[in-house]
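There are two complexes below, and they share chain A, which is joined by chain B in the first and by chain C in the second.
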Partner chain A sequence: MSYEIALKCRECGRKFELLAIYSCEFCFGPLEVDYDYDQIKAKISKESIANGPSSLWRYEDLLPCDTSFKVDIGAGFTPLIKSQSLAKHLGLKNLWIKNDTVNPTWSFKDRVVSIAIARARQFGYQDLACASTGNLANSVSAHAAKAGMRALVFMPDDLESGKVIGSLVYNPILTMVDGNYDDVNRLCTELAASNNWAFVNINMRPYYAEGSRTLAFEVAEQLGWRAPDHCVVPMASGSLFTKIWKGFKELQHIGLINNLDTRMSGAQATGCSPISKAFQEGTKNFVPQKPNTIARSLAIGNPADGYYALKVMEETDGSAEMASDAEIVQGIKLLAETEGIFAETAGGVSVACLKKLVESGVISTDEETVLFITGAGLKTVEAVVDNMKPAIMISPKTEEFMDQFNKLK
Partner chain B sequence: MSSKKVRFTFSTASVTEPLVYQLGHEFKVVTNIRMADVDEKIGWVILELIGNEAEIIKSLEWVSSKGVRIDPLEGDVIAG
Partner chain C sequence: MTIKVKIPTPLRSLTQDQGLVSISATNVESAINELEKQFPGIKERVCEEDGSLRRFVNIYINGEDIRFLDDLQSSIKDNDEISIVPAVAGGTIEI
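Then we have the complex of A and B:
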């Protein structure tokens, strides 16, 4: 059962009907779903959640859609792994890794798309659309395939092949646009306005974005119903970052966790770091940037939630960091070599930024920290392919192998 | 009559100039500011421009030539 009651303007607080709209008529502020928390509190319990499915649908009472419209390919309830080696390497006593690479299309975007597609079906839409640098495209294509909906996917024409094939295999209508980001943005804004599509991050955005809260719900549940001291989260639009914080606050509000003293820190690539840069300059007025980074999944130059992400950092005494392309590659390798998790470039950004936050003393050694790894490495092999130790090449002879092997020691 | 909702981002150089005011004088366009935040280094304004379409486009070209960045209200529609 859903307890959503209205869309509420984040700026002026005016309420609107639950429709496929995203900005306030009066002040143009973004709209966010508001819930009847008293009813949720009366209904929900740790036990009812524990008895739910092993997916994000275990939090159905906190989700903004009628679950009879859900399209379930298994998103969510991903492992929270206690880090040993990476923690030691970084000098942290208490580090957890939220491994969201194991979602059905190998990124956290399955969470937001799960909600967007359910809400789109509830509204009666036939077509699910998005503009994406890859991960969102993969997830929209897969979920639409499962639902028998048409997927309309727009991408820049220079993406990693893993992200292109990872969409095409589900047979969407995939359009690759020859143009820069601004061109793709303009085109999609126009197409969204003139077609009756559920555009996941335009007219579905208030619902879609709520899906990211499930990461906070899961982390709290997996820690035994409490919130960690610190979260390190990769940021593109900043939505994931702000929604994880919203999720923790809601859990406290409905009494599922007691204390909430979590510090929220964001991670960006140096080549596209409008939010982190604004944080470091002490302003909430970020300057939009032209992205230039291997972390294509975070290459959003004009982040829609950048301002709100900066407010969360202020509210939680959090911070923000940025990582160069070389540091991103090192981050990917460090995570793989210490924890056995192969992350895409966004994961490299998270690891590299965590490292900097520890080195600069922002995160102290005994802060219980959760590192969010949000996409899988096979999507972006191009980033690391030239940075690997080469394989041993031999003809099938024991001596040849032993000879080479002994040289390693 | 058409209307366009945009976000202007001002750089340090342009932040102190009354560009929105000037835009309303130089062009037959009504400017309706909805949200704004400006400090000494940088500022942004979210506003609606109302007028005939060609005039709106001309006014945007003018303000862009003054070093103001113009973005759609939604921020980037493209996502990761």
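Then we have the complex of A and C:
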């Protein structure tokens, strides 16, 4: 059962029918799904969730789609891992890692696409499309393949090969555009206006974006139905960041968690940091940037939810940081070497920014912190390939190995 | 200066369905005021009450976002083309 009742403009509050629309016809503000929370509260319980499937569909009462249209390749309910070594390295007493690298297409995008494709099928669409920095194209291609829909995915032409192959293997119509993500998105917005396709992050965006709330639902449930003190979340458009916060607030509203004092801090790459820069300058009016960073999945220079992300930081006494390309690589290696998790560049951004937030005292040593790792490292091997200790190269002879091995000591 | 302004679909009910209109203006701010004179009601859709641009409206001069130029004070030359574009999902609707 689902309980969405309308789309509501986040700027002026005007309400609209639940259609494949995404911006307010009066003021052009983004539309967001509104729910009947009283009914959800009456229906949902910790027990009903615990009895649900081990996927994001255990929160179906909070998702804006008819679940009979779902396309389930196993998104969500990923591990929340207690950090020992990384926590110690950073000087934190209580650090958790939400490991979303283990989703079906190895990034959190499977969460948002799960909702978008269900809603697209509910609307009767045959074609699933997206503008992507890579991860989203992977997920759209996979889910469309499972559903027997046609996938049309658009991405910048300079992405990592893992992101390209990670889409092509599902046989979508992949278009690589000579331009950055903001150019791709602009093109796709035009295409969305003249084609009857479900663009998951354009005309499906109000539904799609809600999928990110499941990260908050899972973290709260995995902590024993409570919210952490601090969340560190990577930011591209800022949507994930704002929706995690929305998820926690909803859980409190419907009574599944009691206290909510979570501080929300965002992480960006220095080479594409419109939100973090605005935060550090004390303004909510970010200036768009032309991205130049190895963190391609975060390379959105004109972030749609940047303003709202900055509002969440203000509301929660949170913060924002940024990490250089070198720090991103160090972050990837640190996470891998301490926790055994190989993250993509966005994960390196999160780790590096967490480190800075602890070092600067923004996050105190006893704050219970959740670090969100949203994509897997094999997608972006190019970023780290030149920063690895070389392998031992030998012919299959014991003495050759021992000779080289002894040199290591 | 005579310039052309591209009007996005959602605003064409105010411009008698014209997608492209010609006006005289020297900068973006004066262009918006001139549009309002010719097509009353358009300014409140594009601007907040204090005259600043609405958060989800982007304006381009010959394809360049005015936030990379001089915002509402960005100057306009003869034959420039201004696009008013609702910002969506980090991108834009170009009609």
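Keep this in mind: the second predicted complex is superposed on the first by the 404 of 409 C-alpha atoms of A that agree within 3 Å, B and C clash if a C-alpha of one lies under 4 Å from a C-alpha of the other, contacts with A are read in each partner's own complex, and residues count from 1 in each chain.
Criterion: contacts are C-beta pairs under 8 Å (C-beta built on N, C-alpha and C of every residue); 3 or more make two chains touch, one makes a residue touch a chain.
Just so you know, these numbers come straight off a predicted model, no measurement behind them.
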**Asked** Overlaying on chain A: chain B and chain C, fit or clash?
**Response** clash
**Request:** Using the touch definition from the top, say if A:S237 reaches chain B (first), chain C (second), both or neither.
**Result:** both
**Message:** Under the stated touch criterion, which partner chain does A:F28 make contact with: chain B (first), chain C (second), both, or neither?
**Reply:** both
**Request:** Classify the contacts of A:K163 with the two partner chains as first (chain B alone), second (chain C alone), both, or neither.
**Result:** neither
**Prompt:** Where does A:S132 make contact in the superposed view: on chain B (first), on chain C (second), on both, or on neither?
**Reply:** first
**Message:** I'd like to know which partner A:V287 touches here: chain B for first, chain C for second, both or neither.
**Reply:** both
**Message:** On the A-aligned overlay, A:K355 touches which partner chain: chain B = first, chain C = second, or both, or neither?
**Reply:** neither
**Asked** For A:R213, is the partner it touches chain B (first), chain C (second), both, or none of the two (neither)?
**Response** neither
**Item:** Which superposed partner A:A193 touches (first chain B, second chain C, both, neither)
**Value:** second
**Request:** Determine, for the superposed model, which of the two partners chain B and chain C contacts more residues of chain A.
**Result:** B
**Message:** After overlaying the two complexes on chain A, where does the chain B footprint on chain A coincide with the chain C footprint?
**Reply:** 11, 22-23, 26-29, 131, 181, 184-186, 188-189, 201-202, 237, 287-288, 300, 302-305
**Message:** Please output the residues of chain C touching chain A within their complex, sorted ascending.
**Reply:** 9-10, 45, 54-57, 65, 67-68, 86-95
**Fill in**
Counting only contacts in the complex, chain A reaches chain C at residues 11, 22-30, 131, 181-182, 184-186, 188-190, 193, 201-202, 205, 237, 287-288, 300, 302-305, 307
**Request:** Sort out for me which residues of chain A touch chain B in the complex.
**Result:** 11, 22-23, 26-29, 109, 130-136, 154, 156, 181, 184-186, 188-189, 192, 199, 201-202, 236-237, 281, 283-285, 287-288, 296-306, 346
**Prompt:** Given the complex with chain A, which residues does chain B contribute to the contact?
**Reply:** 5, 9, 11, 34-35, 37-39, 41-44, 46, 48, 69, 71-80
